């Protein structure tokens, strides 16, 4: 049968807004029809999905492939990281392009090059690490190039961090462009203090990392970013929400009507930070990331908030370094490259933690692993849906089959796995990327250069009505007051 | 052209999950196709919707038509109330069937009869006003008859009110049936005290109603119902959320992962309670309902919570009494029949308050006036969507046209209107009920007996995974502990 | 030297409002002078307190001596329990007198008799377990007899529990008498359900007790009592605050200006409930009380709230049963007599947990173990202070000495101790009860019949200004509205 | 009779910890005795206080006398401001000394000079407006000179504002010195944006001031300062808490055990900000201060929090400019000198708002107008108490007499009064400053040069146990983890 025609038969087709038993017919990388019964000719390959869930492929909103960071570079590049993703049911990701010497254009071009070996679809966020008129102008250019989100770092003092003055400029610029402002929310000044203190106390191991940047500093920066975004009246996206402290700030803001998106990541949902105290350095160091994975209790609270929509979608912050790289910090936790894996495990673990535990429905699962991401970054329903006309990025999950995570069997190039040994029910048996079956029978069929860059337009649904809201605000001011110039 | 075929052309078709410019083709009361361009023959009537929004008809989850209450009966019956609804863009409602002498069956039959004159689709909730084995068994029967929600009154002491013991039994029964427990959440014992106190103080007018049942009593009962539902692990629906106090309890519960639905009503969103202090009795009395419309500030806070999904859908509690009826309580506010209008105004006012103010998008509007109600009561996507196969309950809203509310021009039989004089942008120009154009050019074309009873199945999405959650809970207990019988 | 004259020399005299190095001179059971240097004749016994803290003896606001409960009676009577108290630095307690067949008078007389063997000062709260006109009248009588607080049980369904209707009556009566309303705050209806469920699940051991009454039920009842007290505008005292859930309700109410007192108890501050899962029944059962000692985390949160005055004073709920008695429930946790010890350990443990950990100052320690209790129950500065004219109830604590808790060495008659093995710094070396040294060199010198009944007047500081607040409230109503009788 | 001996007879003597009817005997500026009946010779002047309250004179923790600010200088200097204070029952204040060109020493000396004309006792806080080693060393010097508190400005960008990095340094230095860190908490970067925006919108009047710095910016900075202080583990004092937003952050921190002091000011408690919209510029401008006086609702919420100890003491931020000075900003609100009056009105208004309304008791009144301030700044019981040995700073308040505030009759040099026309019950009839009757029969008897500088020692009660808390923290870290150097 033709490789460009495919029929998925008899599965439960799940969209975020509805699930039904139906067939899905695919041609040339696109979904052509979704109907209870579709009849096709012999030239069409038929995949039987009876008793299984047919769902939009995962979209990972937060990855770092071939990322040069802390004097080294992540193990996974756009090919190996994406291959791992596909093996785990993720069919698109959005990576953080980083400026070069402050130049967004140079950064964008460098990431274009890195992404040439892609085997699945991808998009870019762009980091903003300094501020001047050139950067402001380049942001416009980036939007033209299909980037609709910019990330600001409130941590990494001396490197990526910007202060409130620049953050405010950034928020305003984002608003005018219809681009989503994202923040890494930790108080960088205080972390700097905390790190010095730990070193002074002789705490140089990975546990010092967690101790130097406690949840209160994540809560602080989250609260600050939220309020500044409120002041500017523009939507905000908080990346890697790792703590109750940050989550509660988001909950509070949303309750008062503010448009704030909170992204927990799979390691924060599934793990606790006690590993950083492990007596084996390499074991401890593999769990080191920023903000740190927190104490027990934060994980369950983040799950709960995710279940009810207080948090909206799940990322990974996939940013992997192998044991040799992690060992750069053997004498000083500040030199351990920050990052954990997740791009391959996210879909399985979210299923296990959230669906198998009864916290969410299968439609919710689709929403928070795929659809909501597509809506936020304005590529829905091309992505994030199984609808006629959508890209044929599809997974088939067998709820009665099992999965297990091991570094030995995973597809990432990193030599460790923070979810090592995790077993659960719900196995993604097939992954289809733009109509091609790329993962089946535990085998990957991928080739570099087959992935496409997905342009993302500004002014997503998060911007709907903002102009009216601004107008309402102005109307409410009862100002300027008309005054006779009195002679005091 | 045939009255059973209809093409809506060129509008922006809005579903909760997506909006697009498309044509909608209808046959025999069902939506047959939604596509960018649909060509039809001459026998099909074509309605031009260019520049307008084509949306699912509203579903009002909370009405009281032909309701015998407080020694009188509401002015609107199933015909007049529904006619008003259709004129205002609502194409289905769910009314509260009330037991007769505690008998659910008798109550159901009585409401079946009342509903024979219906001109639009409807369903029923069933109130539970006492508790015994018969009631428990009748609940099963009601589920078979297409009712999937039961309402418990924590107020109206001596009449409808039940205590915590019975509420717990009710919650358990609901859970086992897959039926949604609803609560009118006010502390009835305290209200009883409050009423006596007001009378003692000589405060016998409508303002005494508000003063005798302050927000703290709504907050209390809401918190209690939420926690008891959590204890039983079953979803909860809080009707007519009128205060910040109640809303914040819902927000808190949701943040901790609990499945609680909060329904504000249009009068609570749009009005403040200062009217109850109006020196003209009839004017004051028309605003009297329970829980009371609150002080300024509650309205805006409810709007904000609705905008971000902390509250999920909007009802009306349409329950109308004319001035003569309201005057039954001229000497004692306790005798003023409780209730306000809204079934006709809801769709226009929610548009004006929420969309025109920039607080929500048009897709949100569809979600909270229609889709979410359909999902909660398990009739989606038959209702609440413009999808092939859905019932053709559709409205066409012109965002550039204006509306005005007056008692003179409204279609309800009541002689007053709590939204008197409200003007706003966004006019519902056409209402289609199961394929028939019933409202057009400001004219109603309705006939008694054309509405259908919509059966609603139990186990909506709110019940997804509850069994797994129960199992997770049991696993977490680490009990029973195995113990040797020690000789103390 | 005369036993009725005593000089305590050179210690740091600590009152809640101030600490200073000073001498304390005592005659005939009263404090006569507190001055930096007091010179006395040879007939006066001098105790050297250099380097030690001289503080008001502890007052335990919550004990149950010789309490007939659950078909048995507590091991400690008014002599043994008080002797233990004195050995631990507590010089007064307030016990809960229980009505007999609903009669307060009969209950009071029975407790008068029980207390005849007292060896230290004591007062009574009175429980209210049913409601009628007689009870209301007897409450007035009790106030005349020196009782200024009444306790209501929201739990113990079928036994002590009362519903909201009666609680409201009780709150109103308390307000009119200037008596403090106290609540045992757990939802008794839900606990009843929870207990049945545990038994059905085959969980009959002590862990079933905790599982049947989770924190959410304590939070619920606390919130309810607080809001009803707010509705009535009378102060409220929440006994044994055991959970974050309850504490946060108190914090919220206080932040909004409400007069709510929260009493954690020493076992709730110092222990966690994992003991109830202990495989040895007797060990597990000794920790069983209501509300249950909670999971780890609640203890620290209660300590924090205590440190800043969100909670105000520490009790014990001392109510002890020995192993044989606890074994009544070997097959059914519902039959295990509820209660733990604490009257002897409270002062040492609060010092260790709160002062030694740096959470509070020494003046704070005095406030929350003694002074605040005296203020709340209106016996300050006779009790709770080291001031001229105050009763000479004094302890001398050596901050450099150590203590250890064991059942072997304690003075209570119970055969176990929930704090077994606890070691800490800060030893109470001397206890003086109304001028007599009753504890010194680890020896008790006490005799039955030497304790006095302390009458407590109504209208403590918590009632200051309530009448004005009521008047402000009435002024704010803008009611009744004057209305012409309109012809509707 | 001798002017140095005084007997106050028959009044109700109120301390924060106790009130009683007693006589107060004074000699040479000190309180010698407080007893129910004191007999004196004829040489002693006797003041009859029967039926009146005899209380510690007020201490105002927050004033700006002879303050050079915004290119002008406040109208009240140390003589006129203090005279006004005495007429209003305040007998001590703590003023903010401001560095000169960053030099604390120069600033201190300048304020020493300004204060030479004092007629009542005073102390200083010191502002920190930049940071370097010199400043750090000068802070030590200031502590030696009797200053135990340093204020940091998170607002006034380009002038006094410091960022988080310096704030952290300041907090650490304060901790090491036992000095209290104070913050003016508003986000200066965002205010700068807000001001530009208002000017762009053509809103140049006083209302633009409020609109440019909404409560969210006060809440943000308060939260940030609190969390940074928590991170450093040092106490924090938030000056002029003006909004619910800030207050709730303080409440939250205190509930979790943090030592945070919140100071509302009398204008924030008594007024609402609608005055800034007044059509007469001078009227509007007189209410302009930072943070702004907020909308209705904030005032009541601050009162409630004050009543229960969530906020601890009341200041004024007395900083007055007359109409001509205010008119500097007639064309641009940014040029209107910031500040309102209050030093003379505070004691009367707090009585009226808090005691007369029934929100607090008379002992509470003493606590929050005097005693708590004395405790926080470590001058208790010399100040803030009527105890033998205390300074004879005393007021006599007649609860049945009335007061009225007018610019015409007040003693400040400013030509307006933000409390103009306020009438209430509770009149301070006599003020005694260190034993001298300075205010009586509505007449002031004061002379420049009679006030004394009060040195304030570091390490107030707020620092009790901090070292232990630090030690507990270190113990809890379980770090450094011992690790073999593994070969990764």
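To keep things simple, chains are lettered A, B, C and D as they appear, and every chain counts its residues starting from 1.
Simple rule for what comes next: a contact is a pair of C-beta atoms (placed from the backbone, for glycine too) under 8 Å apart; a residue touches a chain by one contact, two chains touch by 3 or more.
These figures come from a predicted structure and were not determined experimentally.
Chemist: Common contacts of chain B and chain D?
Modeler: Common contact partners of chain B and chain D, which must touch each of the two, are A, C.
Chemist: Hey, how far is the Cα centre of chain C from the one of chain D, in Å?
Modeler: 37
Chemist: With chain centres taken as the means of their Cα atoms, state the distance from chain A to chain D in Å.
Modeler: 48
Chemist: In angstrom, rounded to a whole number, how far apart do the mean CA points of chain A and chain C lie?
Modeler: 52
Chemist: Out of chain C, which residues touch more than one other chain, so two or more?
Modeler: none
Chemist: Report the complete set of touching chain pairs.
Modeler: Here the touching chain pairs work out to A-B, A-D, B-C, C-D.
Chemist: Can you check the complex and tell me which residues of chain B touch chain C?
Modeler: 163-165, 168, 172, 187, 189-190, 192-194, 198, 201-205, 207-208, 211, 214, 216-217, 219-220, 223-224, 227-228, 230-232, 277-282, 284, 323-324, 326-327, 330, 474, 477-486, 488
Chemist: Given the complex with chain D, which residues does chain C contribute to the contact?
Modeler: Going by the criterion above, the answer is residues 15-18, 247-248, 251, 254-259, 301, 303-305, 307-310, 355-364, 371, 380-381, 385, 461, 464-472.
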